[in-house]
Structure formats: C-alpha cells, structure tokens
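Read from first to last, the chains carry the letters A, B, C and D; within each, the first residue is number 1.
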C-alpha cells in the first residue's frame, strides 16, 4: 500500500526527519486560510501515485487568493484514474541543491538496499539509466542494523559538508523503513537549504502482508481492489471488456495472457485464492460485473482446496446476467458441472477453450 | 527416488490441528506420504488422523525423528515456525503460508543461509514426487510418475500443467513450487541443479511470472545444463506497478516484465511455451 | 558491575516484570514506617554479592517493632567484606512454587544462553550438578531476537498452566538483558502465587565495558577497585602481604602465581594497563600501600607502549616508604634503571627474581 | 612465510590518525610491515608517516588493495570498524581495542562466521612473524625468527615469554595473541591448526589463563597434533568471581579455574610449564 504524501510526512516527522510545515485541506476556503498563515506555499494533490507534478497536481501560490484559485483547479482533478480529494498545503522552501535518498528491497539479494543520488527531484530510474555514476547503492544485512560506516559512506557521497546531519537522516529513514514494514521509504528530493537538509517529498510503500501489525488508515475504501482485499481476494482493474475470475495468481495471469493471445482484452485480473466459498464467488461476480465495460465473464477454476460445487453454487446464486464462460476442474468437478448445466451455463474443458470462447462471446455482443 | 523427498521422508506438520493442516494431512497420507508427527503448541498429546501431536518441534524430532516439515500456520507465526524447524535440524522446510511480511522473510532467509535447512516457499504449493511422497497442497489425482521435472512460482497454474502432462501420458519425476512471494527460500537455480543431477529427470519445465529477475538469474545455469529446459512465463498482459495476486508478481519501474523475461530466455536459446497446452506439446516432442 | 537488588527490581518493574511492592530504608526508623505501611515484610540487605540469606542479611518481620529490631541487626553488618548500608523492605509474598529463570553469556558458544529450572530459590549451579534434568538451557542467536518458540518451550517446561504469563516474563527479561548490556539477568526465585508469577529476587550484572552507553549509579565509590577503575587501571584485593603492580593482566596473574610458588601471598592484583604514565603509577602505589597488611611491594613492568623512565619517575615521586622490588624491562629501560639506582631502589632482572625477592623481603619484615 | 601474515600482507590501519594508531604504524613500518593505507573518516587525503589516509575501508581496498587490517579505534566504534573491514573483504582483521562491550562482540562474531574474514582479538596484541611482518603492538626488539609458534590470551606475558625465548636462542615462527576478552574472534584451536599445518613450526607454546574453557576446548585437537604443545596457565592464585584485568579472566561459579585447566592438560598428557622461565627450559629441551 502506498501512503499519501501527508501521511508519510507525518511519520517522517515523528522519527525526527525534517519536513516543511504543512496542513491538509479538502476545499479551497481552507486552502486559502492555510496559505494566509504560511505565506508562499506549494499545493500538492494527495493521491497514491507518482507523476503528480506532470499531471498538474502540484502548484505554487504566493497569497491567499492564488491558493484558493489553484486549490479549485487541483481538487477533483483525476490523476492516473485517481480523483484528488485532499490537498497538502506546504510552506515553499527553495532548495540550494536537490538529492535523492531511498531504501527499498533487493529481491535478488533478499535484503534491503539503500540508494542515494547527488541528483534529486527527478526520476531515479532515469538517473540510474543515464548517469549510473551519480547513484550509490549499498545492501543492508537483514540481521544487523544499518552499520554506522554505511550511513557515513552514503553521507560523504551525497554531501561532504553535511555529513553529520545526513547520517542522522539516513539512520532515521532506515528506522522508518524497518519499523513500518516498508517496501519503499524514499526522500526525493532531499533538499539542502540555508537551514540544513529537509525532506521536500516523502514516499512510503507498506507491505500489504504486514497490515496485521501496522495500523495505517486505508485511504480509498470504495474501489473494487479494496473490496476484493477485504474479502480475501485480489483484484486489479484493466482496460478490456472480458471480466475474469480465476483461482490462483499464476493461472489468472495465464488466463489473461490467453485472452490476449486470442485477440481479446481482459477487463480485470481477479484471483479468488485457494478455497474460495460460495459467498466469495458471489462477491467476485458482483465486483467484476459492476464494471460497465464488461461484455463477457470468464471463470477459470482449477479445484484443489477450492471445491467446484461450491463455486457453481456461487455462480448460480449471483444472478449476474452478463454471459459467463466457465471452466471448472478438480475437486467435486462432476457435481459442479451438473449444477451449472442445469442452469444452461456455457461450460468448457480447458483454459484455452475458455479464453477463446470468452473472446468470441465478447465480440458477438459488440 | 525424487529430488528433495522420497519414501523415507519423515514429515512433520506444523499447525496440524488447524482446518487446513488437518485436511491436508489426510490428503498427504492418502498420497502415501509418511506423516510421522504434528506440532501445535498446547495441543501436545492429541492425535490428528492417527498422527501424534507435540507441543514443540524439538519433541517431534526427538520422538519421531522427523526430517522434513510443512508449515500451515498463519502469517503472524510463520517466521517463528521456520526458525523452530531450522533450529531443530529439519532438512527440508516447506512453507505453504501466504502473506508473511517481506521483512520477516528477509531475516529468515539470512538466518537459513548459514544452516543445514532448505526452505521451499513461502506461499508455494510444496513438492510432489509421484509414487513416493508429497509435501504440500498439490491435488492428489493430477500426478503421474515419469521423467519430467517441474519447477514453478505458482500454484493452480502448476496443477494445470501437471494435469495436462499426465493426461498426455507424460509423467513427472518431481514437481516443485518455489512460491509466489517477493522473496523465496529457494531459487529456480537450486532446483534446476537438483534436476540436472537427478538421473530420473530427463527434461525440466520451468514456470515463471512477472516481477523480479529470478527467471533471468537462472539463464546462465540453464545454458550449462545437459537437460532441456522448457520455460513458460505468465503476465504478458500485466500492467506496471500493480500486484497481480502473488506478492511477488509486480512489474516495478526497474523491470520484471514478462516480455523482458521471455526475450532473455529466447536470446539464450531456451524454448518458451505460449500456454499450458503449448508447453505440453513442446515437452511431448522432446521426451 | 553487579547491581543492587533494588536497582535491578526497579529496572524489572520498568520492563513490566512483576515484582513485590517495596521501599528502600537506610535506618531502622524508616524501616519501621515502611513495615507499618506494607504489613508483613521481608528486610533484605542491599549488597552486591550472593549468599545474603546465609549470612543473616535477610529477615522477615510481621510488624513495625520487629522491622525496626531486624533493621538494626542487618544495617551495618558485613557480608563478604561489604558493609550493609541500605535495606530493601518488601511486602512478604508466600510462594506456592519457586522456579529459576536466568539469561547469561555462553562464552564457548559466543551467544546468550537462557536457563530455566523448575526448582528455584536455591543455588542454580548446585541444581545443575545434582539434578541436571531439572534445568533447561537454550542458546539465543545474537543476530535475531529470542524466538517466540524458545520462550514458549521454556514456559511449557517451567509450568504448563501459566504459559502465557511466563512467555511474557521471559521476553521482557530478554529485553532487560540485551538493552542493558547484561552479562547476567536472573530471577531466582520466580514465584508462582495466587496472583500469578512474580520475581521475588532480581540479579543483574552489567558489562563493565558497556558503561559508556549504560548509565548506572556506581554504588561503592571508595574502594581501591573503584579508584583504580576511575584511573584506567584494574585492582582486585587479596589476602596476602605483598603488594603488586604489573602492566598487563596476564603478566600480573603470572607474577601472583610466582609469588605463591615461592611461598608468599599477594595482597592484591593490579594491572596498570599499557602506556601507564607517571601519575597512574603514583596512584597505583598509593592504592597498594594504603593496605595496612602490605609489607613489601613488587613492581613488574615489561615496557612496550609503557615507558620504563616514566614508570621510574612515578615510583620516585610517590614517596612510598614500604620496601619495593622493581623489575623493569623494555622501552627506555636503561634510563629507568639508572634513575631508580640513583634512589637506591631494589632492581632485579626477571619476574622470577622479583617474586623471590619480594617474598624474602616480606618475611624479613615480619 | 608465517601463519596468517607474510611479506606480501598489505596492511590497512583503521584509526591511523589517533595517537596510538600513528605511533604503532611507525613501529610496524620499522619492523618491516607493508602498511599500505590508513582510514579515519573525515581525514581522507592526509598521510601519516607516508601512509595515505582514506575516509572509508572501501576506498583503502579499492586504491591500495589492502588485505589485512588492524583496528585502533575506541571501543564505541570498534564493532562498526570490524563490520566495515569484513564487508569490504579484508581477510585478516586484528582488533587491538580493549573494552568493547560483550554484546557487540557476540553479534560481530555471529556475523563474521558467515564471512571470509578472520578476526584476531579484540583486546589482543596482534600477530608477529619475525623477518616478515608484524600486525599489532608487540614490541619490536623481542622477536627473533625460528621454529616455535606461540599463541596466547595475554599481552605483556607473551612479550616476556617471547623475549626469554629469543634470549635463549629460540626463535619464533609466528606469535599470535587471541585476546583477553570473554569472547574472542579466533580460538586457540584455529591457531593451533595453522601451526600444525605450517612447515616452519616445530613446536607450539600456548599461554592460557583463568576464565571460560577455551584452553580445555583445545585439548582434543592438541592430542591429534603431530607437534609438541607446551602449555602455561596463569591465575592459580586468582579468587573466584573477580575479574583479573582481562574482561575474560574471571573464575565464575561454573568453573574456569587455573587448576582445572592445568589438570585437564596434564591428564591429557600435555606438558604444562610453571613460569615463563620454566616454559623456555621445556621448549629448549624439545627443539
């Protein structure tokens, strides 16, 4: 889960990492009042995605009036499909120099990796491609803390003159990273100003698997992804018109790929996980069919723990009227197929057939 | 005798008294697995389907000489269960649990590196050697003994391929799931090496997906192998930045797309299948 | 450094380990007042050593009067050479069962070791000798926390019925151990009462090397050991009459052994460490000669970083009148010997000679 | 060529700009040690006695190809200095620092176990191979080349024995201090094994003391050695429960007395000397 900037900055601040003074606003009036208090400000759209600046979601304002105008412009706008409901109004700080500091997970080395760049405020992946010498990376051993010498080496690389303060920020960022189960904790840019170093932006991705011990407010409650998660399933929205319900992530991706192979386009990825019951199948069908673009639905179940008759019951009870292609195999297969046949559902035997049929069905309904 | 397990494997089930643990214990017994002990703290002295339950792995190892373990405990307790198995000398630890925090797994893997234990998973279906033993949750009916090795990051997709192979008359030497999380206890390379050394295996099917570089990392090893490897990579249609079910299945800005992986394999001369049916067709032509 | 019981219990309490209510008293009047408040109490001599009970340093009292009487008896008494200046007055709790729980360092395994025994309130080493089956030991990996399963296994071993609370106490004791740089953290006895488990005694030894990051009050300020430590040296009092000053712990022990071999008995161990200067030598001589039993002093210096002339200056300046046998070799040896010869000091060439001479000197002065 | 070090050893001095670090650098250079680099963070670019100073071990290794390191930094920073040396691939780390917290050293040793680095110390005088190289603080004039190996937990006592050996015409192959703390990076056994394998060494003097069981732990190995080992244990007159200078020199209630150690050696047939002079006498009779 990606935290909103303001939430990440609250955490940074709690750990003692310097951040600009700021307040949250949900309407233009409040934005004006805050600007009145802070003076020269930056208004920043609060959405859990990158590229806000390019999308026009970050604007400066030197007075109350401008802040109100700009707030009206940003609030309600859509950035990568996300509607802006909150604004962070922050005192404007002019950086003398912008750097990058981030900690993430190196999957191959199976440990945290700290990355720093003397060039900040830009896309770090771009810097990595074009000027790799501007980036310093160090692995952190998972069973020891970040060693002091590592923080010092990074600090010397970033800025020889501010070593003590940068070491402090690095050590605090590492604590943010480990204590909050982050998969990413990033300061971009880390700005050098007349008053020392300050985190002008803050990004934190939290491991979804760690939510049982981390208490973060879920920001978007109403998306299909959130609803699926609450029901123990996994949903990702896509651009096509064939709704998909599959058990198992690998099989679900394979199903999507086959749809594409046969000339179709999936409307979503949906993994109902192992052992999905009737109610979960109903929720899944409701979620998938609530997408108005969906013209046909493909259900692909390879029953192991998941029981085919249970799935069949869920399908029958859902009352969804969009045409469904069903492939059911494994545990209690015969009972499941019998039930679906009684209800005149379209049954096929393999994933390939299911994909082909779903594409055909979608086309015929155009 | 398969890689990793065989008829002599003495399995311990950690979390045996839970719904999944007890159900899967029965399934494994039906398959022929020698399930010798279970552990659920506080439930020592009971039995599950004839299997004695102990309070600790230490007791299970002392009394029943378990040398392999399968873990069905919830994410919150899974890392500790792995440590307990490792500290008590369990050689093969199969962790089925999905949803273990990645920070826990980084520590666990660093800890295991200096031990005698091998970890399969987490978030994988386990390992099956038809005719010998099964550890994990792969459905019983799909397997048939033979000479094709299979290693995969996913569950049901693996079942589907195994099922198609069996129905086409192609048996498996051993099928291994390494798990769908960002961090896996055992890599593709380690399993490929075992298959390469296994006299019963004549070809290997490798099923990968988007996210990370685990597949590419294996290419140099595959090039040195004497046995053919047939690869299948799913997630061609996955968008960047979204987790596709498996915690590890995410295309990050740094890479990890299916196309990159497929191209890497193809330019290294490794055959890549387009679908489960395609994989089976290719394998059939080889063996 | 061994903490006083009351100091260790304060720390235990801060970590949430249950301890009896208690107050500290330095005179009988206070002891009476505290007993008046707590009712049935135990008065415990506060000295940093074991065996207080056997020495009569622990007495019970059921009322104010008895508390005063017993306090008078304990205060001022000497236990293993230590004078009792403080009393811990503690509510008396009757244990249903007494157990042992301790964490120390296994030097060979180079890691912490947790030890538990179903038999507590007694000498654990004695239990280890006579009934080893009553003791359970587990190593703790230094780079991971105490694993949950380990705490659970120990708890089940100790008492099947109170597993949850014992696990909690074990985990807290482990935190006490690591966060306070303990070489020993011990609860003996850990008592089972009607209200659950409680630590009736508390023992903590703190690593002297960790004092730069641990702030514990030094209890005895006036001993030669404390004075030596403050001056960067190491002193241990012994029972003989030959004062010793040596550079290097190994050479100091060897010198003591040689004195014994030649029929003498050292009054102290003293290591002035590498690079001792004139002032330190003077302090060392003052400390050693302040022991009224000392009849002769042996100085054995193998100069490396330590300079012989510097040592000679310290000896000459000290003005100590007790006869001194000096063995000086190594860096600036000639200058040092020349200076001492000018002052008619007894100079010898080897450690053996020095020991022999010091023993002879001591005997002649008897 | 000695054990551990030789003329090709390229030494890095961590903490080179401190008083002790710079003084001992000069001493080592005088002895013939090839001191190629120093590290003191923030002092990079300077030189000490002709030796270039760097801000980090990484730079020292990159530029000067150091393969051994000696640590003179204060206790508070010593553990980190060891980690830094280890992570940068230094093969031999000699830690002179006295007073490192034992909790730090437990972690350091667990960390080093899975590395390519060997740690001598902490709280030891280092290692000297006469005629080749010296790392640490043993006084220069006492050594003479020869065939007796020496391994010890102490400093000045070792110097005294080396000095007596040299004055008796008995040269040393290598003299090693493993340090006087409770926890040592390298054990007696590891050094004894190197001496056993070293063609230049014909007998070994082992100097132990009270506290722990490091001496007894070596007995089984000594029994298998082809070369004679002469032991010397100090602390016969040490009382229980008191730390005798060295953090590790303490007889705890669990054991570790000099008498126990001497008896263990004697009943295993190992010759035990009574004093430095006695040791030299015994050695003289053997070689």
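By definition in this document, a residue touches a chain if its C-beta (ideal position, glycine included) is under 8 Å from a C-beta of that chain, and two chains touch if they have at least 3 such contacts.
For clarity, every value in this text was computed on a predicted model and none was experimentally measured.
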Chain labels contacting chain A and also chain B: C, D
Each chain counted as touching chain A and chain C at once: B, D
Taking each chain's C-alpha mean as its centre, the one farthest from chain D: A
Between chain A and chain D, centroid-to-centroid distance (C-alpha), Å: 54
Separation of chain C from chain D, taking each centre as the mean of its C-alpha atoms, in whole Å: 28
Averaged-CA centre spacing for the pair chain D and chain B, given as whole angstrom: 47
Multi-chain contact sites of chain A, meaning residues that touch two or more partners: 141, 143-144
Where chain B touches two or more other chains, by residue: 107, 111
Graph class of chain-chain contacts, one of line, ring, star, complete, other: complete
Of all residues in chain D, those that touch chain C in their complex: 20, 23, 75-76, 98-103, 105-107, 109-111, 137-139, 152-160, 163, 180, 182-183, 207, 209-214, 217, 234-239, 242-249, 253-254, 258, 274-277
Residue ranges of chain C in contact with chain A within the complex: 143-144
Complex contacts: residues of chain C adjacent to chain D: 105, 107-108, 110-112, 125, 128, 141-143, 178, 181, 183, 207-210, 212-213, 234, 236, 238, 246-254, 256-261, 266, 269, 271, 273-275, 302-305, 329-331, 350-352
Chain C contact footprint on chain B (complex, rising order): 41-42, 55-58, 77, 80-81, 83-84, 87, 107, 111
Residue ranges of chain A in contact with chain D within the complex: 141, 143-144, 147-149, 152-153, 156, 163
